[in-house]
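Labels A, B, C, D, E, F, G and H are assigned to the chains in the order they are written; within every chain, residues are numbered from 1.
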Amino acid sequence: MRELLEAVADGSLSPAQAEAELRGYVTGEAGRFDAARDQRRGIPEAIFAAGKSAEQVVALAETALETTDRALLTRVSESQFDALETHLGERAPDATIDRRGTSVRVTTPHHEPPSLDATVGIVTGGTVDEPVADEAAVVCLDAGATVDRVDDIGVAALSRTLDQLDRLREADVLIVAAGREGALPTVVAGLVDTPVIGVPVSSGYGHGGDGEAALDGMLQSCTVLSVVNIDAGFVAGGQATLIARAIDAARD
Amino acid sequence: MRELLEAVADGSLSPAQAEAELRGYVTGEAGRFDAARDQRRGIPEAIFAAGKSAEQVVALAETALETTDRALLTRVSESQFDALETHLGERAPDATIDRRGTSVRVTTPHHEPPSLDATVGIVTGGTVDEPVADEAAVVCLDAGATVDRVDDIGVAALSRTLDQLDRLREADVLIVAAGREGALPTVVAGLVDTPVIGVPVSSGYGHGGDGEAALDGMLQSCTVLSVVNIDAGFVAGGQATLIARAIDAARD
Amino acid sequence: MRELLEAVADGSLSPAQAEAELRGYVTGEAGRFDAARDQRRGIPEAIFAAGKSAEQVVALAETALETTDRALLTRVSESQFDALETHLGERAPDATIDRRGTSVRVTTPHHEPPSLDATVGIVTGGTVDEPVADEAAVVCLDAGATVDRVDDIGVAALSRTLDQLDRLREADVLIVAAGREGALPTVVAGLVDTPVIGVPVSSGYGHGGDGEAALDGMLQSCTVLSVVNIDAGFVAGGQATLIARAIDAARD
Amino acid sequence: MRELLEAVADGSLSPAQAEAELRGYVTGEAGRFDAARDQRRGIPEAIFAAGKSAEQVVALAETALETTDRALLTRVSESQFDALETHLGERAPDATIDRRGTSVRVTTPHHEPPSLDATVGIVTGGTVDEPVADEAAVVCLDAGATVDRVDDIGVAALSRTLDQLDRLREADVLIVAAGREGALPTVVAGLVDTPVIGVPVSSGYGHGGDGEAALDGMLQSCTVLSVVNIDAGFVAGGQATLIARAIDAARD
Amino acid sequence: MRELLEAVADGSLSPAQAEAELRGYVTGEAGRFDAARDQRRGIPEAIFAAGKSAEQVVALAETALETTDRALLTRVSESQFDALETHLGERAPDATIDRRGTSVRVTTPHHEPPSLDATVGIVTGGTVDEPVADEAAVVCLDAGATVDRVDDIGVAALSRTLDQLDRLREADVLIVAAGREGALPTVVAGLVDTPVIGVPVSSGYGHGGDGEAALDGMLQSCTVLSVVNIDAGFVAGGQATLIARAIDAARD
Amino acid sequence: MRELLEAVADGSLSPAQAEAELRGYVTGEAGRFDAARDQRRGIPEAIFAAGKSAEQVVALAETALETTDRALLTRVSESQFDALETHLGERAPDATIDRRGTSVRVTTPHHEPPSLDATVGIVTGGTVDEPVADEAAVVCLDAGATVDRVDDIGVAALSRTLDQLDRLREADVLIVAAGREGALPTVVAGLVDTPVIGVPVSSGYGHGGDGEAALDGMLQSCTVLSVVNIDAGFVAGGQATLIARAIDAARD
Amino acid sequence: MRELLEAVADGSLSPAQAEAELRGYVTGEAGRFDAARDQRRGIPEAIFAAGKSAEQVVALAETALETTDRALLTRVSESQFDALETHLGERAPDATIDRRGTSVRVTTPHHEPPSLDATVGIVTGGTVDEPVADEAAVVCLDAGATVDRVDDIGVAALSRTLDQLDRLREADVLIVAAGREGALPTVVAGLVDTPVIGVPVSSGYGHGGDGEAALDGMLQSCTVLSVVNIDAGFVAGGQATLIARAIDAARD
Amino acid sequence: MRELLEAVADGSLSPAQAEAELRGYVTGEAGRFDAARDQRRGIPEAIFAAGKSAEQVVALAETALETTDRALLTRVSESQFDALETHLGERAPDATIDRRGTSVRVTTPHHEPPSLDATVGIVTGGTVDEPVADEAAVVCLDAGATVDRVDDIGVAALSRTLDQLDRLREADVLIVAAGREGALPTVVAGLVDTPVIGVPVSSGYGHGGDGEAALDGMLQSCTVLSVVNIDAGFVAGGQATLIARAIDAARD
């Protein structure tokens, strides 16, 4: 601890980094950031932007960058992204911004990207499922996994699904996002021997709309399948990452 | 009308038959029986036995037989069936009883069975769907349609489904009964060009159980599909019969 | 297959048309379009515009036109329609645009309109049910069926309903759209001997509003009736088309 | 009050009657009985037997008889009724027991039956609605209203309904009980100019079963209609009684 | 009928009025208007403006005025009202417009206002319940009933309720509108001997919000109470009017 | 710790008591018993008997008695109680058994009953609420609080409620149990200045039955009120005990 | 009363204050204000601004200030606050405005702030819970309690929670606000011996979102916990205040 | 294929085994058994006994044993188990029966048990969660994984949870079963870096009972977690097995 405090004293460590090191989390204006989560959990705390002001989003991203050299953000609106980009342009011009759908990942040059020897297959039934799949992809890529995206193979035209069977079987773990009746994860999980994580997507209208029918169907699936909440691409990506990491560790 | 009343007078027509002829329905002790429904609707009124006493079931069956020479009963319990069998043994020993699962059809020798030049395919996902499919089958058979049963081809083992594709394509109209996530009608309807009627079955447990997930999924299906209520085999059979009859009429 | 590739080589067939011919679907920027659905299913894939950007809608419509010489679109907003119209004015000035409510059908001069010898009756309870009925009508008309629209005959003034009974009985299949308590399909189905497809409409407020009461009531109907999801005019139209086609085929 | 206490003292008034007179309710072993409700509200407190022990039911009935010379009981099981009958046979052999379905009304010879110059029409769609209609009828009859029962005229066979239109129009107020989709009150209320009270009945199965679809449909009715809870025959009967009494008072 | 047609011929009757007279309803551009409803039902068809375009609202109002000399409109937005006012200024400058909350009543000088010898008490729990009470009031006033408004007497401050008890007891029928937990109708109905109609109001937030808790509570009320749907002031007013009319008729 | 182990060695402390002392909980055959909960939380762990076998209930009760000299059990069936009584008769003949409704409290002679200088008022609307109130009472009495039961004062007869106002105002904290529409806690909380805890009771039938309407109404109450789950008498009693203890501590 | 009227006559008391003194509530243009609630209930009536016009909010605030020298407002929007501030600047320039999140408290110099010898701990799981906690805090501070805010200690990083255990144990009563799965109140209540009031917060998305999962979880908590509705910070603050006042009274 | 048929001919292969080899599934009297599932999916088809007759269960178990040398059964009742045991005693006396809770695994001596170099931790919150955990354990053990059971560490006594942290961290994948509010998986997943699969258990009563609150809470968890349906121990065990197998394969 002496060392740490000396590093703060001579400026080679910011007070926030020291707090993160000592307590595991940092207390900023926009709340406490769980800087140690990546070490403890294997996946970093992401900043859920929906419902936060642009100022809060920027402040949390800054804290994340300062203490862990990277920031993961989900459900980022246009105006939140603009505020973030402007801010980083001024305060961290050497940061790299990777934006996919509504998900954003920022890294500083100090960040050492990890690498996992494992592939996560990310599958969608149709166009509307893509932002959810993007959210999952960002988490997996951040952790260094290989991501194989297989889009638009919903069961209404079953040959689209079956044509991709070989690729689906090559992944170490599969995330399958589908809305409406959500049958795709069930059909896929009946044909492969890898773990499948179903993600219901909030498409559809009328009774069972907003993803509820898809969630119900995945929970009731007659195949083996685990599920995350509606649109919870981040959680699916996190769970796939934990599995990929366990496989990577075993491969070493 | 004069003729009718004379027929009653000379005993060649029972009062109940005359009432059925004149008003379209008969008022018995256990309620009014819609004797004219078969003529008006193309499918007879069925006696829904669940929640009725054995006495009420027997009385309604007797009225149906007396006025239309046949009776269709659904959701018949063991004890209701025993009461019916005993009663018919005494009062109508020449009646024919056809029992499938919990559905029963009784005909007197006076009944002239119709015949339809059309095939209804009735498909199930698994063992638990069979009583519901039986209920549908009884209605179609009563109307004289050909019934092709294809059982136990749920999507968890997709090759079971695909192996039957040619038979599925040969039917004029398909009823597909499935519980749990109810994906089978969606997969089938994506592969054939005949009308498909989905019947959710009240299997499954936990969230979305009791057929709710299957119903939701069929309503949200990304293929073209119409649906009846959970376990409503009779309604599915009735609707398929109306379609089969229209096809039969056009074939003449 | 050689022939096909030669046709591509000499330009008489676009690559998209060839892909559609060979694989049954086309992979464009805005997703895979199921060009073979019409052949396989008897009804074409429609483009569900709600929730898509104008660019995606236009791109999918173009793919549909290029491979099948027509495009069917539902839930098209004003701005999506404007974008489509502008685009077609430039790229396909000889295309014909047929717009009914929020539904749109585009055909090129190469499209050979089919014709079915069968009538679909499309019935509404009140003014608010009309866009849903329009959606159904577009599908039936596209398939070449005769459509008989009977509007505004809800059961609150029963004589309005009964006055149209003869027309209702003349159709080969009936689509009945109704909101609020959704009793119209039940009353109609009790009076005709043709198949009736109920479409709950998302009118009404308070408990059971947004079409839920209408859906529940149609599922619980004491007459024979099959049902589609709330506002699912396209699905009802598709199912009626499949029935109409079966009747038409039998008539030949 | 002096008089009252003297009457207790000389035995011409029981302590329970005196308490009822003074405070409006009586405190017995099985709870407080609201003896003054009939005077205050125009309808007596009924004893809801479901979920109570036979002992509690008997005790409450005794208190009701002692203080108001009559007892109204609903949802009375066979065993509760047997206990009541046995008890009354011993303790109140001159009481009159009127049992309809699961509803029971007991009066002592001291009870002076009221009489109302008003008719309540009580209508059912089918056999299963009858116990609920019985419950309503008992309350109306207890208050002295004329009750006109019109049974089994559900809308699946609309002519059954229309045949009774004249009788329906003659009542001063209508109670219409219906299960399944519950369309009967809507159809009736569209044809008469008297107040209609809808009672959803817990028939039906699957989605919207247990009377929920009927309740939803009556709340969403496109005609003017007020509603009580599922199976709440007593409440419907009470409300009709209050209306009948107001009309009777105005007729004087 | 000859007379009628001659009246049309000489211009003393418009074609719409003649159609209304002959068939009971009029077919205009914006749908069929049930001009005979007032005679048949005792309350006129109201125009539910929510979800309709201003043009549709104006057209329906015009048809109503033309055939019945008055129009009743509910859920009228600012812009719909402006369009109506402008239109009437041009086409029917002598019409009288009565606007209460979002409800509007228009009468021409030819309208002969009815009068009922009966009082409807309309009660609210708080400020947010007032537009719903206004809707009820407009219907009752249109029918000629006396309306007694008692506002803002919710049970959180019980003395506010009890202070008004005498007024509440003087009405012939009571409408009680309340949101949140909706206890006011229960408390009132326990203290008066007139029929009480509860109207749940869509106030409140969180679980049971939007009027659902109020509806549930009124349906479960331990007093005698009938109920209409959430915010259904028009239906409550209509039902109260039918009761008031029956009392008025009996008083004559 | 040395002391503790020596006490075990010389038999003055059982191993279970020692484990409870050291770790805070005891691991028995039927699960871990949280023996330290009373010290940590101020209320003991109760044994929820519903769904457990009689053997499990007895085993848990024995562990509780052995480590804390008393056992609290809720939702105890007749057969579970018989098993417990038999077992205690043999193994702990000097234990005292206090049974109220379905709740049971057992104490050994070593138990030193606490005493709190605070009164908990426990109020019910009707007879069916009493077992729930009993459950609450057992917890409060176990902690040494004074309990004032006020039964059967539901709002349908408001004078029953108001007659008890003085007693209600004297308590330090109130528990109010009510089923059906659950309005009693709202009315009471509007009249007193003590904390009120509402307990919805699973009475009522139809829509909002099983206590759901009561829960919704209490959550939406327009007065200040906190709530526990349906039938959760134990939780209400526990919360009231914690408040009573805080008041008792402050009084010293 | 004579005195009161003389005070009105000589102007030392406004008519509104006199009405508040005499009847307990004041009738203004925007409804009746329950000026006596603070005395009767121990917490003042707050003005719930959501859904009211700025004019109504200002009018109610003025009535509150005039009769009780302070006003409490919740769910105040920016524009409502601006209107209030402008109005007060003109009419009550010496008033003090305390704004926290969307909650506002206004006091005149005549207000004598109370003081309670008791501490309310107000705890949040994350940033989104803060406006709800603010609402609770305003009520407690208004009553004179000490408030200890402990923010952002959600269980995803359990050390954040455990680090604050000592502070949590020092409070006399705890309010714990949490969204998503709402586990924080359960974890906290398992570790302290003070009453805990859980407040579910309407964060989260998908199934169980909008605070429903948090509410369900708190109602099902395996610890002792009472609950208020989703986002009902005011109710939680009111209940905590009543407990704090009881403790304060006992301490004297 | 020749070989296969010769093996059938000479009796070294049963027809059922040959059908399983050729088509992947076997058609028996009680339905089609998916004999190839284990090879295709990595986990065998289990026989879900609930709702099946004892005869069906025995027949399916026999088919499973005949074709794959083992049978896995879940939700087996006492009487189903007795029938199975009797049948096996006669027909397969050398089979080994392993019964855990309501789950059963039967193996013949020909079965070669696999072995996986991976540990699945199976965790429960309380006694009621154990049958669900048993179901999961049977699947994992069948696949040859090491299972580490950690029972009864619910968060109401947090030290019970934290005491087991080291064991929890040693597993390769964790299954956490919890009922009531279901907070245990969230707390555990916040402290380990392995994949956690939450299983909601159908304990609890009142609102959110039957496992719904637990499911909602796990879906809303603020940590990374995937979920299976309520009580779906088999699915959780299957998913954990797939993960364990992937790790085992990587370790080789």
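Quick notes on this one:
Everything below uses one rule, namely that a contact is a pair of C-beta atoms (placed from the backbone, for glycine too) under 8 Å apart; a residue touches a chain by one contact, two chains touch by 3 or more.
Note that the coordinates shown come from a computational prediction; the quantities given were computed from them, not determined experimentally.
Listing every chain that touches subunit C and subunit F alike gives D, E. Distance between subunit C and subunit D, defined via averaged C-alpha coordinates, is recorded as 50 Å. Distance between chain centres (mean CA atoms), subunit D to subunit E: 29 Å.
Averaged Cα coordinates give subunit B a centre that lies 38 Å from the centre of subunit H.
Contact of a single residue of subunit A with at least two other chains is seen at positions 40, 126, 156-157, 190-191, 206-208, 212, 215, 219-221, 223, 229, 232. A complete list of chain pairs in contact reads A-B, A-C, A-G, A-H, B-C, B-D, B-H, C-D, C-E, D-E, D-F, E-F, E-G, F-G, F-H, G-H.
Subunit H meets subunit A in the complex at residues 40-43, 172-173, 189-195, 197, 215, 219-221, 223-229, 232, 235-236, 238-239, 242-243, 245-248, 250-251. In the complex of the two chains, the subunit D residues touching subunit B come out as 126-128, 151-153, 156-157, 159-160, 163, 203, 205-208. Within the complex formed with subunit C, the residues of subunit E that make contact are 23-25, 27, 30-32, 34, 36-37, 40, 45, 50-52, 56, 200, 202, 211-212, 215, 229-232. Within the complex formed with subunit D, the subunit C residues making contact are 125-126, 154-158, 180-183, 186-187, 190-191, 204, 206-209, 212-223.
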